[in-house]
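Note that subunit A is present in both complexes that follow, paired respectively with subunit B and with subunit C.
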Partner chain A sequence: MNIRWYHLALWTAFIVGMFFLPQLVSKGTLRTIIFANYLAIFAISWDVLSGRTGYVSFGHPFLIGLGAYTTAILTKRFDVPVEISIPAAVLVTMVGGSLLFLPALRVRGSYFALVTLAFMELMYQLVQVIRPDLTGGTRGMSGIQTLTRGAVNGYYLSFGLIASLGFGMWLLMKTRLGTALSAIGMNEEAVRGSGLNTTKLKLAAFMLSAFVAGLGGAFYVHYLGSIAPRALFDINFVFTIIVAAILGGASTIIGPIFGAFFLTFLLEYLRPYLPGAERYFIYGGIALVLYMFEPKGLHHVLQMALSAIKGKSRS
Partner chain B sequence: MSVKKITLAALMGSALAATSAYADIKVGFIGSLSSDTGLSTLRGAEMAIDEINAKGGILGEKVVLVKADTGEDVTEGVKAYEYLAETEEVDFVISGSIDDVSLAWLPRMIEYQIPTLDTWTSYVGIIDMVVEDPDAMAPYFMNIASDEALATLYINFGKDVLKDRMGWDSVVILAEDTAFGGAITGLVTDALAPVADIEVKDIITYDVGTVDFAPLFSKAQASGADFIYQISTVNSQVISSQYVKLQVPLAMTGVNVGAMGMEFWEDTGGAGGGISTLSPVPSVGFDMDPVSADFVKAYQARYTSRPMVPHFNGFNAYHGVKQALAAAEEAGGFGDVKAWSAAMEKQDLTLEKDGKLWLRYAYWGKDEVEPVTQRTYPHNGRFDLEAPYDTAQPSMVVVQWKEDGSVGVVYPFEYANTEYTLPSWVKE
Partner chain C sequence: MSFLEFDNLSAFYGKAQALRDISFSVEQGEIVAIIGANGAGKSTLLDSIMGLTKTTGDIRLEGKSLAGLSTADIVKSGVGYAPERFNLFPFMSVRDNLMVGAFTARDDIEQNLEAIHRLFPRLEERENQETSTQSGGERQMVSLGRALMTSPRVLLVDEPTIGLAPKLCDEIAEVLARMNRELKMTIVITEQNANFAMKLASRLYVLESGEMRISGTVDELRDDPRLMEAYFGH
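Showing the complex of A and B:
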């Protein structure tokens, strides 16, 4: 594992800083951070699979939705306690992840992306048609049990999730597994040629991705207290996740966290000045410029800044 | 940091604090800032607030309005409500949200307990939530008749006009693939068919992005039905104009949100004749009472962009905000939600036309049973489902656009100012 002391110091600083944040910022800002945290979880989930292996998924809402709908239905319709419904939701999502994995055995590149998109569209149609008495049909469900009340509690829950999932995935990607997954993204044939079982490795990436998506989706719906197919199985939702991961820095785990915070805060801070759709033009413009001039993302910008500071202090 | 910078920061801080001190009663708008319906609610609220401020505000305070756009997106709806509650710390929320967006922010309203008035959402499931949990839902009011009430009266139109007058026995439903489309399709198949004795021959669902309706109209025609029931809330002008241009030889009625606005004729390029739609009141083509007419006049003098005439929810917002603020005045503010809710329940504004009750902005009592549907509608805007509509206005009217670009109400007969007619290319 290529872990340096300053990596751990930065993680510690991040966790300690986030822990004391509610003492320093308004509740409105905390609400924004909560959404940023959940977007970061979804972006990490996408990054573990697509950022590493190069299998670009447009169907991540399929996985997030599976987790969200499973726990929502279990708690709302069958009074199952969340202690059971959330693990069940994660399991169901991992089964869904294995379904998503099947096309990866045969296709890759843009074909794989399109197949995953079809999964999302299929899910969108299914929840509206199959047992709308359970799923709430096109309108979705409201009044789903929430786990926390108030901005501070919601913040600590989402922070706990992003800290544990983010750190856990970052550690895991520092192992040989992470290196092998990155290698698949560079040249899958070469990895296979070196004697590694790429099918098993890819399955591991899909399972990990599904685990994070399922857990994030389940907690997300218990934060929102409502769920609607139009909110989850939506192309804009996919793009937000992908843009967060790429803008922050794909294949880095930390990058998607940066990207999610950047996107969420940009949109929310523009709200008082541009309450209408105009803020999305600015958001799109900034994302485009950033991506054009720094395709490796914000993570790389920060790395360069740190190197520059180090260089200055040495000289 | 230099002394100058510290002084400047302190001065800016004081200025901000002073600004917020004036904004004692804060009303938050939640809805789409890019749709005619969202803008109708926003503008209705703006006009009501300006009128109240011109009279000195309420409880000695000035009323200010802040906006949070939902873009008709469900998750944005939650963020927008949180923004209004936590960042703007509003006292009251006026909503022009569509159904699933309202459902998304409802858990936040329950959590924050901020008095909230919905002017567009008509989902009866929300009224059911008021029935089930009146304490948690105490801050919630909806001053449009719920969809169940809309559908109930529409069934009468089906029976009185489509069946008895036009002699039609069967229908084909042409519904967009949205939450609203699914819900209304269910209501039509469950109620229109058995009550009005009209057989549903086929249900055709289409994607909201559909640009070519010719194959769908052909399928509808092939079903052998006597008329088309369309359900369209998104890009309604597309299906309407193609219906006219293709001269589809079947009458088409139903729900067409585009046809509820005065811009419909312009949006369809003059190809909207013959289209009819149910609409909450006051609709386009609706005869106005003097108060509503004055509101429209003032609206048109103030706003020069579309919608040139506010949709029904603009009227709802205009009167609803005034009533909410009057209730706050009675309850000593918005702080005591139960007291405000009780005061809001008592709000009652009757508008007359030629000595007859024409519109009423009031709410159903908690235990009051509506005689036709035999159920309660607490915190729902009052409506009347039976002629002669002497306790409130009907829950909806059916309006029809004529081929000369005029529009009028065709049902209920007590509110009608024109007759339901077939387009010239449709044979009886």
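Showing the complex of A and C:
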């Protein structure tokens, strides 16, 4: 796709619109958007690894949790300033990413997915057993330093994060690296046969994914001010991330962002009608139908609709 | 010293031996065909050159051993590989498929693309088309093109005619012959279709159950009863 002037114009309008958004909507809506922004970051992190290379991670909360716990423990227990604790959290998450990478050297497909699930469960058990005085054990931690006060500032911070991460990833995925990672997802053997070092490429994908997950996890915990292991290391959370990426359009950047917003608002608007876990049936159903009929996701549906409109206006 | 030499090459899948003590050579600038039935070990032989199987024995390109090198290093030392046509990246454009081949190249990308577009004008016309929507013949061209993007000195092509209509087989044969003539490319193909192999290659090797049974120039083998019986009987 070539970049045209109207792409730039649209994006500029979008960013200006997002800038003035807090004046237009309620605090409650802003908080929903903030959650969507963080979900979008997690979905991008999942997608750069699993959406592209086909190494499906069911254990992404393992990475997110490493980032969140590292900075939470450092700031709360050791009074480390966030300027140091957040980079440290990202580093620790990347080390965790290389642990997650080890099984990918030997297994793929559903076996790899199961191994990652085990990583998440292991992490859940470990934070409860090992040094609960540091991790807060089952109850988690609260009173963690927050970076911003109020919904408006939290919104600007989260929007700045997703905008810069999204743009950075988009640029990176435009390069041959992005093409090669997607190629691995389609046919790893053929990528090897073309003389590419798939081990290095996969490691790059894991590191990128861990970088984004660590950053997202760390900022998210400093937004919430608390950490609850039951909610974090939860299979529902995993599915929300995966469905956001796939629903929006895997192997793209805008897709996971789009999916995260769609899901978050869908769940939010369904809340008055279906207060319980039934809501998850609805999104599961939508994800299933979409995945059967348009595996490229909502983003692709919109694109086709757009080009259909453009085609008509031209003729 | 030959251009490409195989010295007692054996290949294994776990404990099963797929190739047994294969020795042969390929001279610079020639087209050699390995023919054999399904399961004879043709693809295994090419995979072994690429370092994709477990092997013993030696393979040398211009005297330099390829044994123990990673696939990436084997490609860098000048071996290009076009696996069967199903080994493309289906949901990528023609151009992106080619660019995967160019991942390791730094300087020759434009030059290689030009050469590929001269050989296959259709790939330039359809460079934004997804390969999943292309015909078998076009996919074979993309596969050959992707192998050429790695700037090879010897090109390995696995069953270029598999599943193709006779007319397309002729087209592929023509293109391979032009690569050989115009780019001075050394080419090793595997084939079940002995007729196709004879039209194209100067020398034939026949694989049966992982062993090299018959070898010779096309002229020597044209009337060989063993070959006639095995590959023209049906």
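Just so it is clear, the second predicted complex is superposed on the first by the 292 of 315 C-alpha atoms of A that agree within 3 Å, B and C clash if a C-alpha of one lies under 4 Å from a C-alpha of the other, contacts with A are read in each partner's own complex, and residues count from 1 in each chain.
What we mean here is this: contacts are C-beta pairs under 8 Å (C-beta built on N, C-alpha and C of every residue); 3 or more make two chains touch, one makes a residue touch a chain.
Everything quoted here is computed from the prediction, not taken from an experiment.
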Superposition on subunit A - do subunit B and subunit C clash or fit: fit
Which superposed partner A:E189 touches (first subunit B, second subunit C, both, neither): second
Which of subunit B and subunit C A:K27 touches, first, second, both or neither: first
Partner chain(s) touched by A:A151 [first = subunit B, second = subunit C, both, neither]: first
First (subunit B), second (subunit C), both or neither touched by A:N197: second
Touched partner set for A:L8, first subunit B, second subunit C, both or neither: neither
Partner chain(s) touched by A:T179 [first = subunit B, second = subunit C, both, neither]: second
Included angle at subunit A between vectors to subunit C and subunit B, based on C-alpha centres and rounded to the nearest 10 degrees: 140
First (subunit B), second (subunit C), both or neither touched by A:T138: first
Superposition-derived minimum Cα distance between subunit C and subunit B (Å): 37
Contact residues of subunit A, present in both the subunit B and the subunit C interface: none
Residue ranges of subunit C touching subunit A (in the complex, touch as defined): 50, 52, 70-72, 74-76, 81, 83, 87-92, 96, 99-104, 146-147, 149-150
Residue numbers on subunit B that touch subunit A, as the complex places them: 33-34, 67-69, 71, 73-75, 78-79, 82-83, 86-88, 99-100, 103-108, 110-111, 123, 125, 129, 177-183
Of subunit A, residues touching subunit B in the complex: 26-31, 35, 128, 132, 137-144, 146, 149-151, 224-226, 228, 230-231, 236-237, 268, 271-272, 275-277, 280
Residue numbers on subunit A that touch subunit C, as the complex places them: 176, 179-180, 182-183, 186-187, 189-197
